[in-house]
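One chain, chain A, appears in both complexes that follow, with chain B as partner in the first and chain C in the second.
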Partner chain A sequence: MLASIVNPLILGISIGSILLISALGLAVIYGAAGVINMAHGEFIMLGAYSTYTLQSTMGMPFLLCIPCAFFIVGIIGFVIERNLICYLYNRPLDTLLATWGVSLVLMQSSRLIFGSDVKYIAMPEFLSTNLELGILNFSTFRLFLIAVALILLFITWFIFYRTRLGIKIRAVTQNKEMAASFGINAAQVYSITFAFGAGLAGAAGAMFGALSIVLPTMGMHYVVEAFLMVVTGGGSILGTVFASTLAGEIQSIFAFIFNDTMARGLLFILIVVLLRFRPQGLLSTGSGRR
Partner chain B sequence: MRINPYNNVKYQWAVYVVFFIFLACIPTIVGDDVFLLNQLSTYGVYGILALSLSLCWGFGGILNLGQGIAFGLGSYGMAMTMQLQSQDILEDRIPPFMLNNAVETLPAIWEPFWNAGAGISLALIVPTLFCLIFGGLMFWGRVSGPFFAIMTLAMLSAFYTIFIDLQYLTNGVNGITPPMALEVGPYLVDPYSSVSFWVVFVALLLCTVVAKLITQSKFGLIVQAQKNDPERTRFLGYNVALYETIIYAFSGFIAAIAGCCFAMLTQYVSPGQFDVGFSISMVIWVAIGGRASLLWGMLGAFMVQGAQSYLGDQFLSTWLLILGFFFILVVRFLPGGLAGLVEVILGYFSSNSSGTKGSNSEPKRVD
Partner chain C sequence: MSFTRRKFLNTAALSSLALAAPNLWLPGAQAATSLKADSPIKVGLLFSLTGSLAVPEEDSTLVMQYAIDEINAAGGVKGMPIEPVIVDAKSDFKVYSAKTKEMILRDKVISIFGCYTSASRKAILPTVMQQDNLLFYPTCYEGAECTQNCIGTGPLANQHSFDLIPFMVDNFGPKVFFVGSNYVWPKESNKNAKVWLERSGGELLGEEYIPLGSSEFGPVIEKIRAAKPDFIFSTVVGASDIAFHRQFKQAGLKVDKMPIASLTTGEIETAAMGAEYGAGHFLSAPYFQTIETPTNEKFVDGFLSSPYGKNGYTHYNMEETYLSAYVFKNALEKAIDMHGVTDVTPRKIRDAAAGVKVEADVSPEGLVWIDGDNFNTWLKPKIGQCQADGSFKVIKEAADHVAPDPFSIYPDSGKCTADGLLGLDGKLKVDLI
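What follows is the complex of A and B.
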């Protein structure tokens, strides 16, 4: 009896950690640069494919693939930002459209390169077991996901609040012109932030590829949910963490009472109603930018 | 200074007349090739969809990535009507796919569709009502711009999952395949005949005329005002949320008409109508054609879909790649789409011919 109550709660944290991993990069890019990045899902997909490629051609161990995926996708993100996004910063709706075009191109290119058949990422053995603690039972990979979510969160926090770069990023976010007049190169800060956000998506892709399957179209599934988390959270990183955990728990509880699809639907209705009354999101001090 | 002929309302109507006269000639040009005619009618449906989106996005400034919702709901309503038309209300009550899913009695939600009139009305009313409620919730909460776009996208994917999940009502992934064409009174609307072409033609014509009249009305002026500066419009005493909701719901209504025509033409609906990719392509048609112009939105749909079917066979694997690149280029360099290009060219020629080369003051946009 106790297990049937506790297990959904733990599953909820696990779902929340997946939501958080997929939304973190998006929150960084949106929060700092104000860019609605529709290609985020495809960055996740690229992360999964780069992990697959590194693993199948060079036999790189999975744990090492995660940082590699981070850097590969980060570089791709940097190139895209330098060549396209940086011209569109004052046109938010157009960035949305342009990144959508980017997502189409990335999806189709990876379909041409890797084919549209399903690819799998091999996990190390210690991650594919089940852990039993008395009445509780959960897979180690899900625990690993929670740990990775915390690590990525810590890295993000550290960069934003404990480095010079973080100070620059926060300065540009608060007031671009003022920051620029203090000698901060705003364009460069935006590029680095975008690359960092893309890299986070790449690391997420390495995880999700191992969690389920690798497909050229896998990104679409994550991007919508990730966006909902960022919007619900109010655009900040802390808000996204809060929203992801809450949404994971709610979804898990609904899924326990009804079924999985119903749970998603109900959660979504809940978010729509919430936005009616708190359009600035769960955690937001000001009126926000919308 | 002469005004750019692109913005002359009389010229605009003249172009629309020419456009529709050309469309009306299509059955004569095509002749007996009913399959080609059916395909061209489907393009007409895409034209209606593009029209609905350019009204909502280009004219009202509300980017709607979930236009597939109204379209899909409309097409499902129509398909349910057609399905029940092929069955008997007394003896053969339950569609075959439901029997396969072990459904004993017809679900209550299907009951109104026995009557074709009621069914088609529902197919139009339900999506409109949905847009009113969803749009109302969002716009009164002052969710707008990119956030509204994301919410519509999320809504769309929610519909996609739900329609797959409700297997016993919608036949899941397989969709509904009505065995017979639509009957309106004593007439049969055969999808492979010129009759269905004219149905789509009239629908497109009516939608275009009404949409064009809206853009030129006082209501349209306020909608445009809220697009350009919602805050200022609010201070002038207009209820911006109301105008946004109405234009969004009306655009949904037009999309529902397109959905009905689509189900009638193809005799097939599936969750594919709620596919995110399909709603993306609608946005691409309108963006490439020119979001600010109703006519160019439609032309964009014809061009992209036409190119997809005729070039698609040769460049099947690279088509999406080409389309994606083209879309990026349009967004980056040509935000007005091809319509914007035409506007610039016409403006250049008209200023040349009247000898006012020096004046570079841009005429205000009417359309």
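What follows is the complex of A and C.
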């Protein structure tokens, strides 16, 4: 009996951690640079393909692939920001369309390069087993996902609150013109933030490729959930953490009480109701800029 | 008279309308295409080469091209070569139905080979029926349709679970858990499976559906763990299927204690998930790449060494598609013998297909034939178990051919005949989808 209560709760945290991993990069880019990045799902897809390529051509171990995917997709994000997004910062609607276009280009390019057949990412043996502690039962890969979510969150927190770069990012986020007048290179800060957000999506892709499948269209599925989490959370990173954990728990508990189809439906209804009465999301940043 | 740009545009628009008009206003029956003597026979290949359905459907296009090349190399159909019109349906149901119209009206194809999902089939069938053309639907589906314009070469739901459920109950125990993707085919297949489960004395512990494309199986696997079934019956398709098998192993469920019996997890899926995740599970299908017959060896070797075999496997969906080309060839030859080349219409090919056989020296899965009432295929379902290398070992084959029965779980709807669905009240319903 105890197991049937505790197992769904732990599973909820695990679902929440997957949602968080997929939403974190989006929250960084939206929260700090104010860009609604429709290409987020394709950054995730690029992360998965980077991992696949590194693994199949160089035989790189899976754990090492995650940081590599972070840097590869980060660099791609940087290039896209420098050549496209940076011209569109004061035009949010154009950014939305431009990033959507980028997402289509990335999807078709990866299809041209890798073909449309499915690829798979091999995982180390210890991640494809489970752990039994008395009545409790954990999949090690799910525990690993929770750990990765915490590590990525910690890195983000560290950069934002414990480095000079973080001070600059927060200053630009609060007031770009004021920060610029104090000698902060706002354009450079935006580029780095965008690249960092893209890198986080790349790391997410490495994980999701291992969780299910590597396909040019895989990103479309994650981007919707990621957007929901960011919007529900109110656009901030902390809000996204709360929204993801809560959504994961709600889905897991409802799925346990009713069934999975019902749980997903109820979750979406709850989000709509929440946004009806609290359009600013769970935690409002209260930023004057938006 | 000065011919201004505007005037030119007007004239151009009008004249193009006039040119298009004969096609637009022709009544359906007259639009039905017929053949010309000694010219290529045009057929349409309507599969998705891009988008989420591209994984199985690109293979379908490739294997059709292979089959057509093979037929043409052997002299075509009565000396006339088959010419495929290849389009990309882009995994979009609107494109499926637009391309269907285009192929029938503009390209004048005599038959269409296409679709992989019931959703796309239901999207194009109204057009095919209105134009009185012919659709070869080359994969498994749920049945419950009775049209006069469709030939199915894959197993129906009644042929699929007919053997699999009793086999699993006998070998692993009576308690089963159903997991499926959330759309029409899994739900109808599960209704069928329940009938067979009841007959073999099994017990259904739970039934869960996952949205198409979702990869989160955590809650479902927790429920399965709590329910402790003897086996799992899966109708999960596509990317979700791969996620399901991976998370099954990652959650510590054991394949020897609780195997997954699937209707879809074949050679493509196990290659994509990694053989270690597929090993030990079961699949019901009429065809496996490892079937040891000279015909199949010839098919596998020939296909893989051809320019179309780049993906490196053959599987049930491809074999059913390959068969559809030969059903077409044999039915067309019969129709030409009966009516003469210039009088052959798609509908006459369909009527001639009744009882048409694809012999064991052509069909990789062994002899099959088309039912004369509902125009689906008599075949022998087989059960395969996935091995450590990702290939399947056939462990049980039906003793006799199993009849396709599209309305097996709806006996009250009546019987599907060549002219339409004959209700119990004696009324005939045509074009039922």
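What we mean here is this: the second predicted complex is superposed on the first by the 285 of 290 C-alpha atoms of A that agree within 3 Å, B and C clash if a C-alpha of one lies under 4 Å from a C-alpha of the other, contacts with A are read in each partner's own complex, and residues count from 1 in each chain.
By definition in this document, a contact is a pair of C-beta atoms (placed from the backbone, for glycine too) under 8 Å apart; a residue touches a chain by one contact, two chains touch by 3 or more.
Worth saying up front: this structure is predicted, and the values here are computed from it rather than measured.
Placing chain B and chain C on a common chain A by superposition gives a clash between them.
By the touch criterion defined above, A:T261 reaches both chain B and chain C.
In the superposition on chain A, contact of A:L84 is made with chain B only, not with chain C. In the superposition on chain A, contact of A:L228 is made with chain B only, not with chain C.
In the superposed model, A:R170 lies in contact with neither chain B nor chain C. Within the three-chain superposition, the chain B stretch that clashes with chain C turns out to be 163-171, the only such case among 163-171, 199-207 or 307-315. Overlaid on A, the two complexes show chain B and chain C touching the same residues of chain A, namely 108, 111, 261, 264. Those residues of chain B whose C-beta lies close enough to touch chain A in the complex are 63, 134, 137-138, 140-147, 149-151, 153-155, 157-158, 161-162, 165, 276, 280, 283, 287, 317-318, 320-321, 323-325, 327-328, 331-332, 335. The touching residues of chain C, counted against chain A in their complex, run 49-52, 54-55, 58, 182, 207-211, 213-216, 218-220, 222-223, 225-226, 239-240, 242-243, 246-247, 249-252, 268, 271-274, 276-277, 311.
Chain A makes touch with chain C in their complex at residues 4, 7-8, 11, 14-15, 18, 108, 111, 116-120, 122, 127-132, 137, 139-142, 208, 211-213, 215, 217-218, 221, 251-252, 255-256, 259-261, 263-264. Only residues 36, 84, 87-88, 91-94, 96-98, 100-105, 107-109, 111-112, 220, 224-225, 227-228, 231, 261, 264-265, 268, 271-273, 275-277, 279, 290 of chain A touch chain B when the two sit together in their complex.
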